[in-house]
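One chain, chain A, links the two complexes that follow: it is found with chain B in the first and with chain C in the second.
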Partner chain A sequence: MLRFTVRSINIINIPIRCLSSTNIVSAPFKQKEGKTKQKMVTKKNDKVDVKRSTNLTHLPFGEAVRNLQFEKTASELKIDELTSDFSRGKVFIYPKKIESKLKSMGGFKKFQFQESFAKPITLTTSNTTRINELFVNKLDEKFENNRLYIDGSKGIGKSTLLNQAIALSLLKHNHDIIVLHMDNAEVIGNGSSNYIFNNKLSIYQQPMITRRWIKKILAANEDTFKKMKLTQDVKFTKDKLEIKLTANKHTLYDYLSQNFEFGKTDPHTHFKYLINEIKQHSKNIPVLVSIDNFNAVTDFSLTQYKSPDFNPIHIQEFEMGKFLIDVANGSIGFEKGGVLLSKCNDFAPNRKTIEVAVYPEREYNLYMKQPEFDLELARKLQGIKPFEMTSLTIDESRELMKIWKDQGVLIVRKDFNKKDFNQESSQVVEVDMESQFEKIVLNSFNTSQGNPMGMFKQIALTY
Partner chain B sequence: MGVVVFGKSIKHNFSVKVGLAKTIFGIGYDTAERLMAKVKIYPQCKMNQLTEPQIMDLNREISQLLVEGHLKQKINNDIKLKKDIGSIAGMRHYYGFPVRGQRTCTNASTARRLNKVNRYRL
Partner chain C sequence: MIPSRLIYRQIPRSIISPTIRYNSTTTTAQPVKKVESNYFLTQIYPISETEITDKDLDSWIEAVKNLKQGKKIFDTKEEIYLNQIVNNSEEYLKKSFEPSLKQIEESKKYADKAIPLMNDPIVDNLVNLIMRHGKKNLARKVVNRAFFIIQMKLRKDPIEIFKETLDKLGPVVKTRSMSTGFAKKKIVPQPMTERQRNRFAITWILEASKSRKSNDFSVRLAEEIINAYMGKSSGYDKKAQMHKLATQQRAYIQL
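Up next is the complex of A and B:
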């Protein structure tokens, strides 16, 4: 209030200010005598700012650990690269090119503890040698005779074996092979993608899933697709311009890298065209199709999607679902190559469709109905050979744990002994670290029965 | 940020099924699923992922249902009819007592709160 009066007096006393073009309010105050104008001084903080938050509090624990990216600070790996003439029972890293391909395909999954090491490591076991003999060496033979279903308990290394099979086949054929990998087949039926009905093909299309999958296979097969010439002319629109690609001139890479119609919400026939092109080239280039979590497709054949009359849509009515079933069935029409299917134990164990299809000699309840059992689909999938995983041997476990020890994942220390009453504290017990390590190996091998995930959890995630 | 469907603002990060069921009077989870199937909205779709044509289709489908004010009016009318014809249920509504044989010595607090002739204010 006092301030206001001073200002108003000032304005009245200085008539010249009123005639000036500047705003009256912006006229300077007259300083009182004996007072100095105060200056704004910012306080200087001598303390160094410490970043405390990692912004991970909103994430679940496992996800938060992954986001911390411990692999960047992990010690350097001095392990040999995987070759086609590998020796059994040794730990390898993937060659750089193959590792990047596997990464782009989604081969290394969440919660596989890959962040413990600077690079993803892999142990060649009896399963690796078996898959090499039964599958990789037969990729030049007929596609429909080379179909395997990898079965085993949780954490035994089924997804890792898929990666190994892909890596070995890429090494064997010198990267001249088409790898169509689907890292999680459950996305087709779990209702996470938009869907449209294509009246022309009378099939449902899922643009979001198809676009993502095309992106992955394009990154993984870039070199191979650049060699593959188109066999038919094709045209599509890009940025409102029509693009025409001619046969024997342009390549499949040109087609896939420019065509964004896979992700559009309008019906199209491009997926069919792509499969036809791969089919044409499969005479010369073998096709490896690997599908992880395949039991999610078969055991949940009635999907979460509903038709307009509120009936669940069958997995075979989807374009991608039909492709996967045809591939597993062998009726897709690829000449050379093979298909590897893998099980996931996270889904309902009481559903028996894939089990009945792969093990027809086993007894099953004849009165089972949907959704537990889909007889039609089980009949369609007959002819797939089972590949049952075996757990690690004691030597393989020791070799794996030696690497963990070298990398600092496994800490070898003396056992904790509770002091007895009146025991002297100065008593020093010497422990032989070699024998202590052997003790840990035997202990974890016995408790987990050679399951690598169980071993890792027992060693690294428990205290 | 909200997405406006049928004149109601629904939070952007709600799934469509939950958003419709929680916001619009007269639509439950089952009806919401049926609506989504008709309009071809995928099951895990969030409110902010809806396109403009899909929202218009949803509005059109919801407007054909008996929801919100019309449904509330119907419930009020039904209670009033019961009272007018002199039925026991109508009288119980009038007195604010339980209608379906529940005890009144104790409890019956829900009935006292809800059972009126004009159940919903319009």
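Up next is the complex of A and C:
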């Protein structure tokens, strides 16, 4: 009976609350007699969480070194900027504009250890002077006749030379040049991207790779593309709206910055249009195409991708692959400019396609088959001139090591000696640090034979 | 001084072996090089004093072969000459060595100087403690990379930083339980040598580096060494605990 009366009181209360302006949910509950009000209490941990301030990264060494931004901890560099009339055997930094362009293109690679300096540095060697004479000075000539393949052992500075060539040609032409740089050509065939078949063009397209590459070249050639007027009208859709760009009014920059159809998974003809536009402008503006790791394209001509018959697709059946081969072949149709191809020693050294194409006078095994050798492709690539790298001289390497020493990368130490525990008053032997530095220079130069990567590894990665 | 053995390992293979020319069938006759008279070969081969050609060397080898087979009648110059050497072989077999005056003078230059070690002994100790299944090169690679990260992060000599952290982190005393012969054991504090202290510190650093995020051991090790250098490692608690125990049992110190 008592319970009933209590409930009845509650029921009576509700209509009164309903008349009020506030919501019923927000109304406070009537406290039952004899009970204390319950509160939400959060448990407090007695242990104080100590934050580990030096948690660097989850990445492995190669990526960690790039990701941790060590260049911020480096001391200031007081080195001259690279100019077109540079002197040989000196260390330079790139001009600010060129450095940002090279960064956006992916010119500075992993395991080059550029992070150890405040800015990327570069040493001008005999290779630089040679490439200046053989390639950069000939950019105004015919595109077909200006094709070089940079060859050399691992760590000798092939990718660095590509950067130097790009920088020098930008300086020479006052940034009025189209630079189409591809920093990792192996991505076309290594099965890391999506791919679709374009029935109209009867070619395979790789939207992911194409979109990324166009993003890079757009960042690198922004000023040049803004000057280049379109030669043909073009249409594309952006945000479900059709955009029409007219010839002689809009620029190539307008086209590339707005067009996102390169990355769509539907077949399109935009890449063909882009190449055609560059072709039209190449009469006035020279085109520099530089492809790093080019041997990965030719030596792995049968790609990891499979056709509907489950056969491997040839590299030339891809839009980007065909573009690279046509560029290397010279048949792309650019008027002025040149191609720089570079080798990478990380890929199978027993594959001979590019070697046979570049060095036709060398003898080779006639019975070689795929995948070691692709005869058709080798014949197609004939006419490329080899550019063999020479290693650093002793003076050049000494100059480079001085910079390493100033930047705190090379640390000159005393020789390691055994401690004499018994002799209390051991003599303090003074060591001449300059002679010690000279000893390090000679030692590393002799062992690495003037290979900069070998020298760096010996100095900074050996304890 | 960087050891030559290590250097050899650090250099890419392509540098060590020069580019080999495959499938070469060309048989262009190379001109025979004339050897000058001051060349070392002419000193031990006095038959042709001015120069030695390939023919001379062939006849030399033939003479050696003939003498080995036991030929006793000598026809050629080489055979006669070689036989003389064999007869006076005692001169060449002398094992005593007398240095020349030049050599003695040169040796005085280096009298005070000790032969430098290949590596820093403390770094070597770290490498050896990281090493598993005898894979020293792998352990060395880990240490090299970790030290590189430390050098880049702090811009100081990583060896000095490592030594400093070991000095900070290493405990001074440890405790050892000794049986007294009765029911109760006593815990005796004992001072440690430098090597023992370092070993404790290194093992604590390696233990702590296991809890780090990265999959790469070198990155984890670098993080932990930097942490310990800053004075934040979990090893400091262990050190304090050891010291506390030792101070509690200080009555048992044996001098």
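Quick notes
The rule we apply is simple: the second predicted complex is superposed on the first by the 399 of 463 C-alpha atoms of A that agree within 3 Å, B and C clash if a C-alpha of one lies under 4 Å from a C-alpha of the other, contacts with A are read in each partner's own complex, and residues count from 1 in each chain.
In this text, a contact is a pair of C-beta atoms (placed from the backbone, for glycine too) under 8 Å apart; a residue touches a chain by one contact, two chains touch by 3 or more.
Bear in mind that the values here come from a model prediction, so they are computed numbers and not experimental data.
With chain A as the common reference, the superposed partners chain B and chain C fit together side by side. In the superposition on chain A, A:367 makes contact with neither chain B nor chain C.
In the superposed pair of complexes, A:310 makes contact with chain B only, with no contact to chain C.
Touching more residues of chain A than its counterpart among chain B and chain C is C. Contact with chain B, but none with chain C, is seen for A:193 once the two complexes are overlaid on the shared chain.
Shortest separation of chain B and chain C in the overlay equals 17 Å (C-alpha atoms, whole Å).
Against chain A, the residues of chain B that register as touching in their complex are 33-34, 36-38, 40, 42-45.
Taken in their complex, chain A has these residues touching chain C: 50, 52-61, 64-65, 68, 70, 73-75, 115-116, 153-155, 345, 362-365, 408-409, 411, 413, 415-419, 429, 439-440, 443-444, 447-449, 451, 453-454, 457-458, 460-463. Within the complex formed with chain B, the chain A residues making contact are 190-197, 304-310.
Here chain C touches chain A in the complex through residues 1-2, 4, 6-8, 10-12, 14-15, 19, 21-26, 112, 114, 116-121, 123, 143-145, 147-149, 151-155, 157-159, 212-216, 218-219, 222-223, 226-227, 230, 232, going by the rule given at the top.
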